[in-house]
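See below for the structure under consideration.
To keep things simple, chains are lettered A, B, C, D, E and F as they appear, and every chain counts its residues starting from 1.
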Amino acid sequence: MARPEIVVVNPNSNAAVTAGFDAALAPLRFADGPVIRCLTLEEGPFGVETQEHVDEVAIPLRRLVERERAAAAFVIACYSDPGLHVCREGTRSPVFGIAESALLTALSRGDRFGVIAIGAGSMPRHQRYVRQMGLAERFAGERPLNMSVAESASGEGTLARMIQVGGELVELDRADVIVMGCAGMARHRKALEAALGVPVVDPVQAAVTMAIGAVQIALA
Amino acid sequence: MARPEIVVVNPNSNAAVTAGFDAALAPLRFADGPVIRCLTLEEGPFGVETQEHVDEVAIPLRRLVERERAAAAFVIACYSDPGLHVCREGTRSPVFGIAESALLTALSRGDRFGVIAIGAGSMPRHQRYVRQMGLAERFAGERPLNMSVAESASGEGTLARMIQVGGELVELDRADVIVMGCAGMARHRKALEAALGVPVVDPVQAAVTMAIGAVQIALA
Amino acid sequence: MARPEIVVVNPNSNAAVTAGFDAALAPLRFADGPVIRCLTLEEGPFGVETQEHVDEVAIPLRRLVERERAAAAFVIACYSDPGLHVCREGTRSPVFGIAESALLTALSRGDRFGVIAIGAGSMPRHQRYVRQMGLAERFAGERPLNMSVAESASGEGTLARMIQVGGELVELDRADVIVMGCAGMARHRKALEAALGVPVVDPVQAAVTMAIGAVQIALA
Amino acid sequence: MARPEIVVVNPNSNAAVTAGFDAALAPLRFADGPVIRCLTLEEGPFGVETQEHVDEVAIPLRRLVERERAAAAFVIACYSDPGLHVCREGTRSPVFGIAESALLTALSRGDRFGVIAIGAGSMPRHQRYVRQMGLAERFAGERPLNMSVAESASGEGTLARMIQVGGELVELDRADVIVMGCAGMARHRKALEAALGVPVVDPVQAAVTMAIGAVQIALA
Amino acid sequence: MARPEIVVVNPNSNAAVTAGFDAALAPLRFADGPVIRCLTLEEGPFGVETQEHVDEVAIPLRRLVERERAAAAFVIACYSDPGLHVCREGTRSPVFGIAESALLTALSRGDRFGVIAIGAGSMPRHQRYVRQMGLAERFAGERPLNMSVAESASGEGTLARMIQVGGELVELDRADVIVMGCAGMARHRKALEAALGVPVVDPVQAAVTMAIGAVQIALA
Amino acid sequence: MARPEIVVVNPNSNAAVTAGFDAALAPLRFADGPVIRCLTLEEGPFGVETQEHVDEVAIPLRRLVERERAAAAFVIACYSDPGLHVCREGTRSPVFGIAESALLTALSRGDRFGVIAIGAGSMPRHQRYVRQMGLAERFAGERPLNMSVAESASGEGTLARMIQVGGELVELDRADVIVMGCAGMARHRKALEAALGVPVVDPVQAAVTMAIGAVQIALA
């Protein structure tokens, strides 16, 4: 039997981000498991930062989902879960959003989740989403890195800032599990977890894990 | 590097149940993925049906977790999630309850989850658990098969009853994703999903999927 | 001082719908009050029925909002509130969604709101929205007319069906205020209210009322 | 057709408060719109500060509503919404409470509402009311001015204090829309909004807006 | 030491109701326990059925509380808890409402409470109160006897109707504890509990129990 | 008629704790009221501090309940309510947990409850329990004494620390009623209440009060 394929789409057009999470998915690639193929949405903005960015990629994502007919599952790899429901409407294969998957995964690792955002501007959108998911009772809080993309791209400073912000979520907001609110932070996951002493969830890894389960179980 | 091991414990002493879900985990076993080892708790009752059954296995499960020091993750394979928190306290490895994992997984596949219980007696316990998890806003309802264990062990009648009860959850309670509220129903998952037309989640598969993600990601 | 202008946009391209709610706004047009101008989004689908329809009008609505720089307020006249947040991001003028406004208005007229939907397909989307708004505790339920657009366009049969469905919301779901979940039902509001004996809220009228308040108060 | 009349009742006997909001309603008076008539409840206390004040005006308000048979709608202009339900029971015309209307209006202008109270003593009453309305998930917080009535009557100091308290609601409690929790603050609304950079809702204006919509729509 | 006194006030002027619950409190009278004195509010209506009845007794109850300075605790013995907060404001002694006390007591005896109302008219008021108390997640439902006062005063028919309505709460709404939503039903408590097979809470007994605890503990 | 007996079990084996709350129950012992008999669970740990402690006493408590067939009611006197549901399953007599009873009692004395914990380690368990009870909307917060058992056993320092922590709950978390989250703090209740100026609830007293009501009412 052919291995099923999971298509992971980066809704922004920054191929470096795609390459970053592609590498971070290595431990979820098995010789006889699903093929995990990472794509960059060419029509996407260079980064998804505003509501306009979120909404302008929805229909292109739907078109991509319609084209990729052979995919056994899809992952939308942007923490705003753009186009999640319109993509679900367009395919019989399951579609996973990385924010949704990350929050659900976090609830299996701790009691109250805290979220590290890149910028403060996306926090009201994320808060609406937590309510939409019906998870407000377990939401400890969200705090922003307040870094530019250029700054966050450079390694050590980003990690140090993540440790500071994550520590505030743990100490001040009483989070006991942390979600990294961005598709491009996976390389800091392990160090952040070690520094904070609580589980840290990378959203792309969380969603791909759920996708693996869905497609493998459907095979049986 | 040695493959990490996930220990899946059946808290009841019915080895046939263990064998059943062991078989149902085949699609989650990868050549280079985690070893998935299924155990039967010898001290457990033949079936976990009452609160007494739930509570009497908690400490034996803790002892088992303490003994299995090499396990990278644990799954407690009973839909009441017995001993979940006491096991978490006893190990640094993540511990997954199948009820918790199933509900979280269901939320990635539908908007309102319905649960098929074996008997009505466990439904208040499950309802408390849904509230404890903070998921009441997405709970469509739970309905019992009201079958004896002997009856549910026989194939066709069980499936027909599950289709009937699942159909009521979809039609009357407006569930759009169904959770099978028992560790031993996996063999009916696919047929039930086909009959109902909505995703059906087997809780052991859901929890092992989450465990695979956790242990593999920790390797990176 | 020039009268402020409220721009009411029909996100579908069916000008008859626009004409319908334009007429229904007559009682909210005052000689010295805001100008209420109703537009049809030419890029829109003929009807907004699917998630794809909802998402594909978001960016065109944003562009329209950006073009209409002189507008003192905007109303998005589709019960799925497409593009609400992306339009808010694109202007300093307040933007009102008719679903949001209708639910808020309903809460001033009764304790538990029921919603009459055109079709069952939009109900999960509406349910997510009720949760996103944080109003689940006051949501009595939603029931569909299950009529085709052609059917609903013809008068008497539509009203009779609305009375039947609204009556079920009142009797079975214990709603004491009804929201008409569509931009094109205003002509039935009064008759439906008389038949049901509880307040009935038309969403376009609700949103324009809120817009009038916002723009007039800002003048002071 | 005669213009419908909206009766706005100040439950306290301080005619200066009535005169204040009467003036603030100027932008909601239209040549061909509803007549907006503001009354002072003569039996009321000089200010509504305690629960006793709230409860002692309920029946007098009911009597007033019964006397004013020609009114098309009523507004109870005290932020504790005294007598709201007993007045609703006594008339077929809609009755609006300014607190209820303000919170609902705020939810159309921001995601999380903060409330500026005159004194801390009324905050537990307001908190009960937020729960009664089912809006707790969107309540950012409430903070008191802690000024005497005499102090709040004098202009500049009041505004400065409101800016300070409103700023704390925005910065510390993450409110993005502010409700002025008193019937007599309208003259500071515009300056406060400019200073805080988020929408500020005056409750009397909010309620009268809703009343205008209700009575005009009923005409059609 | 003098025995502390608990004053139990019937807010309606029907002395037969007072006599009824006075008798039902016999098992809570101890030789060396608090004195339990039952009063009839002379200014009260003959029965508290409407919101007007509820609100018109608030201030007379406050006056009564102020007069009874020696009381160690008060119980307001009407299921609408009229004047509860204004009475609390008027005394340093604890004041218990029978609805509040009954719901809290019910939560110690079952998971989901159902309420038997005398008439449907009070149900929206009760529902608001459940939300105000923050207990909506445990509210199974409320169903009315729909009997006249005269009918409910006659014994057997009332009990039979209560068994029917209580049975619907258990079977259809899945309540596992029942609250009798009236101060005058205590004589049916035991028979109703036997017939339904779930705990039945009389609200006056529940409130007096809590009052006994409060006043005795304060003695220590 | 023989006086009914309430059995109050200390799940830890520290007889000094049992003696402490036995003494604190003096004001709830009436000449003609229920007999209140306090037991120490010999199999229990010296203190219940961990989840393991909580879970290991559940079955021994069930056995005790089964042995004490004559008891009219049971109280489990540990703030984690160990074995509450398994004990309820094992007897027809009502079983009260002191945490559950304390929170319910607190809701009759204030609007938002705060909890004083002995150590921070039990706070996540308590938080899960608040959610399980459906009371999250009224939970102000919990703060730990962070004292060793030895320290808390010595008088004055403990009270001073409780006043400090309770004051933070009142000032920072806006609690207006305080629950002492431990079975052994009763001797400080009165002084703490006087210092804080808000009601303070001792959980053993709260549960025994509820038990007295239940057993006495069942006699009638």
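The rule is simple: contacts are C-beta pairs under 8 Å (C-beta built on N, C-alpha and C of every residue); 3 or more make two chains touch, one makes a residue touch a chain.
Because the structure is predicted, anything quoted here is derived from the model rather than measured.
Of all chains, the one whose mean C-alpha position sits at the greatest distance from that of chain E is A. Annotation: 43 Å between the Cα-based centres of chain D and chain F.
We define each chain's centre as the mean of its Cα atoms; on that basis chain D and chain E are separated by 33 Å.
Centre-to-centre separation between chain A and chain B, using Cα means, comes to 26 Å.
Counting partner chains per residue, chain E has residues 128, 131, 133-134, 136-137 touching two or more of them. If each chain is drawn as a node and touching chains are joined, the picture fits none of the line, ring, star or complete shapes. Chain pairs that touch one another: A-B, A-C, A-D, A-F, B-C, B-E, B-F, C-D, C-E, D-E, D-F, E-F.
Of all residues in chain C, those touching chain D in their complex are 24, 26-28, 30-33, 94, 96, 100-101, 104-105, 107-109, 133-138, 189-190, 199, 202, 205-206, 208-210, 212-214, 216-220.
Those residues of chain F that touch chain A in the shared complex are 124, 127-128, 131, 136. Interface of chain F with chain B (complex): residues 50-52, 54-56, 58-59, 62, 83, 85-86, 88-90, 125, 128-129, 131-134, 136. By the touch criterion given at the top, residues 111-112, 137, 176 of chain F touch chain D in their complex.
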